[in-house]
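In the part that follows, the structures are each spelled out as structure tokens.
In the two assemblies presented below, chain A is common to both, partnered first by chain B and then by chain C.
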Partner chain A sequence: MATALEKTKCWIRSRKGQQVLICVGFTVIPLFLLFLFTYLPFGEMVKFSFYKMKYSTPVDRRTFVGLKNYFDVFHRKDCFGALTLSLYYCVGAIIQLVLALYLATVLSFKVKGGNLFKGLMFFPYLISGIAIGFIFKFFYTRGFVLDTILTTFGLSIEQLPYWLKDQSVNNWSLVATSVWRYFGQNMVLFIGAIMSVDSELYEAAQLDGANKFQQFWHIILPSIKTIVTLNVILSITGSLSAFEQPFVITGGANGTGTYFVVMNEIAHVSQKVGLASAMAVVLLLIIFGCTILQKLFFKYIFRDAESEDESYAAKKARIKAEKAKAKALRAEKKATTSVMQEGV
Partner chain B sequence: MERKAHIRLDEVFLTFLKYFSLIFFGFVAVIPVISCVITAFKTQEEYQSTNVMTLPENWLNFDNFIKAFTTANMGRAFLNSLLVMVFVLLVSIIVGTQLAYVLNRFQFPGNRLIRNLFLFASLLPGVAMQVTVYNIMSSLGLINHLYGYIFMMCGTDVISIYIFIQFMENIPISLDESAIIDGASYWTIYWKVMLPLLRPAIVTSCILKGVGVYNEYYAANLYLQDQSLHTIATSLYTFVGPMGSQYNLICAGVIISLLPALIVFILFQKQIYSGITAGAVKG
Partner chain C sequence: MRMKKVLAVLLATSMLVAATGCGASETEGTGESGSTETKTSTADGGLVPYAEINLGEDFTDLEATITMFNHRTDMDSDDYGGVNWKQYLAEFNKVYPNITVEITTDTNYADDALTHLQSGDYETIMGIPAVDVADLSTYFLSYGDLDTMSEEINYADTWMYQKEVYGVPSTATTQGIVYNKKVFEDAGITDLPKTPDEFIDALKKIKENTDAIPLYTNYAAGWTMGAWDAYYAINATGDAQYANQKFLHTKDPFQDYGDDTHPYAVYKILYDAVAEGLTEDDYTTTDWEGSKGMLNNGEIGCMVLGSWSVPQMKAAGPNADDIGYMAFPITVDQRQFASAGADYSYGINVNAPEDEQQAALVFVKWLTEESGFAYNEDGLPVDASTDETKLSFEGVTFLKDEPAVEGEEDLLNELNAESELNINNGGNTKVQEIIEHASIGDMSFDDIMKEWNQAWSDAQDACGAEVIY
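Take a look at the complex of A and B:
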């Protein structure tokens, strides 16, 4: 008896021991990497933001400047002001989402050559940022691809602006590039979501005489609400941290320098690491703020949905109760009649 | 009768709209790339004398490709990219599946915390982090070494971990249990049961991460400044500056650099699409 108990104990211990061993063994490397390349730099960034320093400055020569870097972020014209450019990218992101949603809806149903179109529109997502930079420098150059296309449609070259130099259009040119690059990816995402919608719903709707637009509005959109909302959130934080297109195409020249392009310049060219860190911290705080707000918003939506569910459940329960009551009543009646009959 | 005809007209219009928009946006998506292909086949004179959208005289003129390949030292760059990809994928697949296995199969204190740590990390924009990662890399002496860059790129990404965890949720626990009854250790379960079953997820995340690593240019440009260490993406930087306006050459370089991605895309479309969809539900 005692030995059996000990045996089981031993067995448990070894299993437990194994579990601990495997848990530690399998998490230690990823956690180390995560710490080294994410949380350590994050901590350093917060620390550096209070110093005036270069990368090459030895540790003891760095001067502590308190909140000066943060003041600079808000007072220098090139820093915080650059955030207004993200409005362009925000508009672009909305256009991109709407476009992706439309194309995804079209491609989710039977379309000739659907796979080909899907592939063509998705492929830009797989091109490297630097290649995109070259492709679009070429595309927008005076008299080159875009100008040629527009002149074949009857516009004269004098009417056309310099797409990357003219400050009234150059940010839109960059935003268009960003849309070009990502709309296919969004579309594929949405197609994936739409595919998981129960196809019987469409048939039912068709029988009820709903047209294509009504089907989209009342069946597709509500079913993929979550993923659309998620992408709206991502596109807001994405526009705040817009970086690649201006970095590779214009290098931030002619008023196209977004916040991160300016930060990158300050960090790696001017080597003002303290200021760049402060900039990064400020934007991270803004992004966190946005994310938390959006999370709350999400929660609000879900709470709404839950209460709807509850009322639905309550309704169901009530109907059930009524039915049960009716049944009971009937049974009672039957019983009384039968009793009466018996009595008779 | 009349009503029926009306509906049909509606449908015709919708079909027209559908195909018109598909063709239009399909065109928009390919035009920038196509114009590059056209220009890459032109000789210097042709490039200077003709419009960019005029087709080249000789579609077999590979001179630009050869010249671009040699001036940007793309042979070496392909080798570097290949090395980086092989090691990064190997490490991140092993580490990622292990982490996913532990997080999905064991309830231990800190499980949620680890998930949240990774989730939070995905919120931090990479460019901002490089401000201080650069500092760490230089103090570790990892700048201008291929292994340093590989090491940094192994830094786990959340999306593949999520793909693995999601996939693992659909592998029944009864498999683990029966293996345990057969006397298998947890390592054996991971190695002999989980890893083979995870193969589709591994392929998916390999392709996605592989394309990502292949295309990465920002960190590569920071940490691999030596010409002989250029990856394919950064080798294109050779064309910045003095050669900045020789677009026939540049386009050829660009086309060479995106060919591997194109081939992978054509071969693995399905996996790429499913990876995109799987990576998106991380919220």
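Take a look at the complex of A and C:
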């Protein structure tokens, strides 16, 4: 017994023992935390989505309703219909990415006061979402900041819409807020990626007579494709689950209730926890689907860059040439055999 | 190098503490309950119920630390116009020096209180949030049966289930309209409006004769819209049984009864006011905090809010004397009615150790009878032995909603959730939509009411509520 204990002690102190302990420790603890705070609650939520229950309903009084909640998600116009609002945010996401990519490219070359600009444009991302909500509520208020600025440019106040009241503009107002907040973050990620491009490539391209746009298109974009893909996926996912801006600025009222805001309302006001959970599960599936589609899409448009040495066209040409070669070889073989047969 | 190790250890331990910390505090102090000295000394040393506590005599040397969770964030501040929590506690500790009360307040109370309850680890005293009455006994201690408690406090039936009382109201409020007397005078309104038509006329006069916004909706804040739900029952029908009994079994309760009464008339006032441009220009950017000062300064004519708002409006500027409170402009058979009801009620944690429960009972009773809380907050009295109040409401009959009949305690909640109208239960969106439709003009008021009737009927079907009326 004592020797066994001694042995384990010894083993623990040994290099190998330490290695094993650290490996186990570093995997088990994070995995446990991940399970406890992510997968366990998620599993519970999936379970809730099959029940009719309120938060305060004790466990034994929850009623199982099967797939009824999922049926409701697709059936009710305020649930699934709210996803159409995500289109506004998707458009916003595209504008945001193009803007970020443009500014990142400009700023990654030598620009006077470049760091100051980077800082200024990244700053909105650091402000808390709630604060941004309040800032923009007053920004858009009739006769306040935005209206004042626009009237100094000669527009009269009668020509301007009510930014949050008019239902044909209010979603764009919210999307603009979202773009303002997040493009700086995208930009910084892009700048980071562009920095890692070998500067000799630019020199070589310059010698070959390539202009800035060609440099961007043929050198920068293929080099940072991973970051571009990542940013697009994050932005589209973000626009499907847009919440902060509508929730803080308009409270989801007046036709600005996105899927998340509606979900929150159903869960916390009407206390239909089951239905809200089902909505969450459906949104998760939609986001999965979108992500997979985007992956496939990027595989398609970046296929040139996918093969390291040759372009897609070159690859096609090579394969064609190989086939032709093989054909020719076979023909030759045939010819020789027939000749041989003839000879026989 | 050593620094890194220390950091790593610290990090690891803090994570462990964070992971295990949640469950640690529950078991403290359970052993001490036997040592409490009870002057009325019941033989088994059990809890002395609310009704039998003699304030200032019993339990003056009880030692306990209790916590309280409520929504009055403004009373945390030393700048609060009235008596703040600190002053109440100092007063309480003069009599009960050994009972420590720790008060936490929260601006998002209604939601967070439910989360606290659900976690199982909640404060000793809480303002009871929107739980189903059938679940009350799971969370809260009973103060006693209805008959006993009715002699002690008003509104004892607010949180009652099977004749047991689980909540003592902090204060009681009535429902009407808070207005600026000076604006009404300047507009030439001599008699306060008593019907919807008179009210709309008054608003028009304000618009013509003054610069003030006649009616400020406070659309953006959300809950200020849900406040309109407070008028559909007693104020609009004069029937104390309407809210919790008849309404549940009424066919199409939102129909036009043709005599400017019932829920239809309440919401129609809002629709008409917006449609006729008698509210603020851009409702989406209204500002609740700012609106208090605007009403005080005469930039707003009136707002539809409960009487609890009066002290806040008075405190928001120099013109406290201009703030008045009037009954909701609906007249039923030549009489005006106002509902009086409890604000948040104190519930006591049923899982707390016995000495803490006893201390909580003492504190709640002290708040109700000795502190003057209800009076200070411009409320109606909760303590049954007094009728002191600062509110004056002439010629208006006060009624309080009768509770649901037995077996239907949760039906209103069920119907509310099922129909998603959430009347008096956070249903802000539907009232906001009235304003949107009135402003855009894409839906007539009768169509909106038709939708509501449909939702209500569907919910009645789904919940098995019989249609009688």
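Basically, the second predicted complex is superposed on the first by the 263 of 344 C-alpha atoms of A that agree within 3 Å, B and C clash if a C-alpha of one lies under 4 Å from a C-alpha of the other, contacts with A are read in each partner's own complex, and residues count from 1 in each chain.
The criterion applied here is as follows: a contact is a pair of C-beta atoms (placed from the backbone, for glycine too) under 8 Å apart; a residue touches a chain by one contact, two chains touch by 3 or more.
Here the structure is a predicted model, which means the values were calculated and not measured.
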{"item": "Partner chain(s) touched by A:Leu87 [first = chain B, second = chain C, both, neither]", "value": "neither"}
{"item": "Which of chain B and chain C A:Phe123 touches, first, second, both or neither", "value": "first"}
{"item": "Which of chain B and chain C A:Tyr102 touches, first, second, both or neither", "value": "first"}
{"item": "First, second, both or neither for A:Leu33, with chain B first and chain C second", "value": "both"}
{"item": "Per-residue touch tally on chain A - higher for chain B or for chain C", "value": "B"}
{"item": "Partner chain(s) touched by A:Leu155 [first = chain B, second = chain C, both, neither]", "value": "neither"}
{"item": "Which of chain B and chain C A:His268 touches, first, second, both or neither", "value": "both"}
{"item": "Which superposed partner A:Ile301 touches (first chain B, second chain C, both, neither)", "value": "neither"}
{"item": "Contacts of A:Phe48 with chain B and chain C, given as first, second, both or neither", "value": "first"}
{"item": "Touching partner for A:Leu285 - first (chain B), second (chain C), both, neither", "value": "neither"}
{"item": "Shared chain A surface residues [contacts with chain B and with chain C]", "value": "29, 33, 36, 55, 138, 141, 144, 268"}
{"item": "Complex interface listing, chain C residues touching chain A", "value": "12, 15, 19, 111, 114-115, 117-118, 130-132, 135, 138, 219-220, 222, 281-285, 287, 416-417, 420, 422, 425-429, 432-433, 436, 439-440"}
{"item": "List of chain A residues in touch with chain C within their complex", "value": "29, 33, 36, 54-58, 137-138, 140-142, 144, 162, 164-165, 167, 170, 250-255, 265-266, 268-272"}
{"item": "Residues of chain A that touch chain B when the two form their complex", "value": "18-23, 25-27, 29-31, 33-34, 36-42, 44-45, 48, 55, 99, 102-103, 106-107, 111-113, 115-117, 119-124, 126-131, 134-136, 138-139, 141, 143-145, 148-149, 180, 183-185, 188-189, 191-193, 211-212, 226-227, 230-231, 233, 237, 241, 243, 247, 260, 263-264, 267-268, 273, 276-277, 280, 283-284, 287-288, 291"}
{"item": "For the chain B and chain A complex, residues of the former touching the latter", "value": "10, 14, 18-19, 21-23, 25-26, 28-33, 35-36, 39, 51-53, 95-96, 98-99, 101-102, 106, 108, 114, 117-118, 121, 123-125, 127-136, 138, 152, 154-156, 185-187, 190, 211, 214-218, 222, 232-234, 236-237, 239, 247, 250-251, 253-254, 257-258, 261-262, 264-265, 269, 272-274, 276-277, 280-281, 283"}
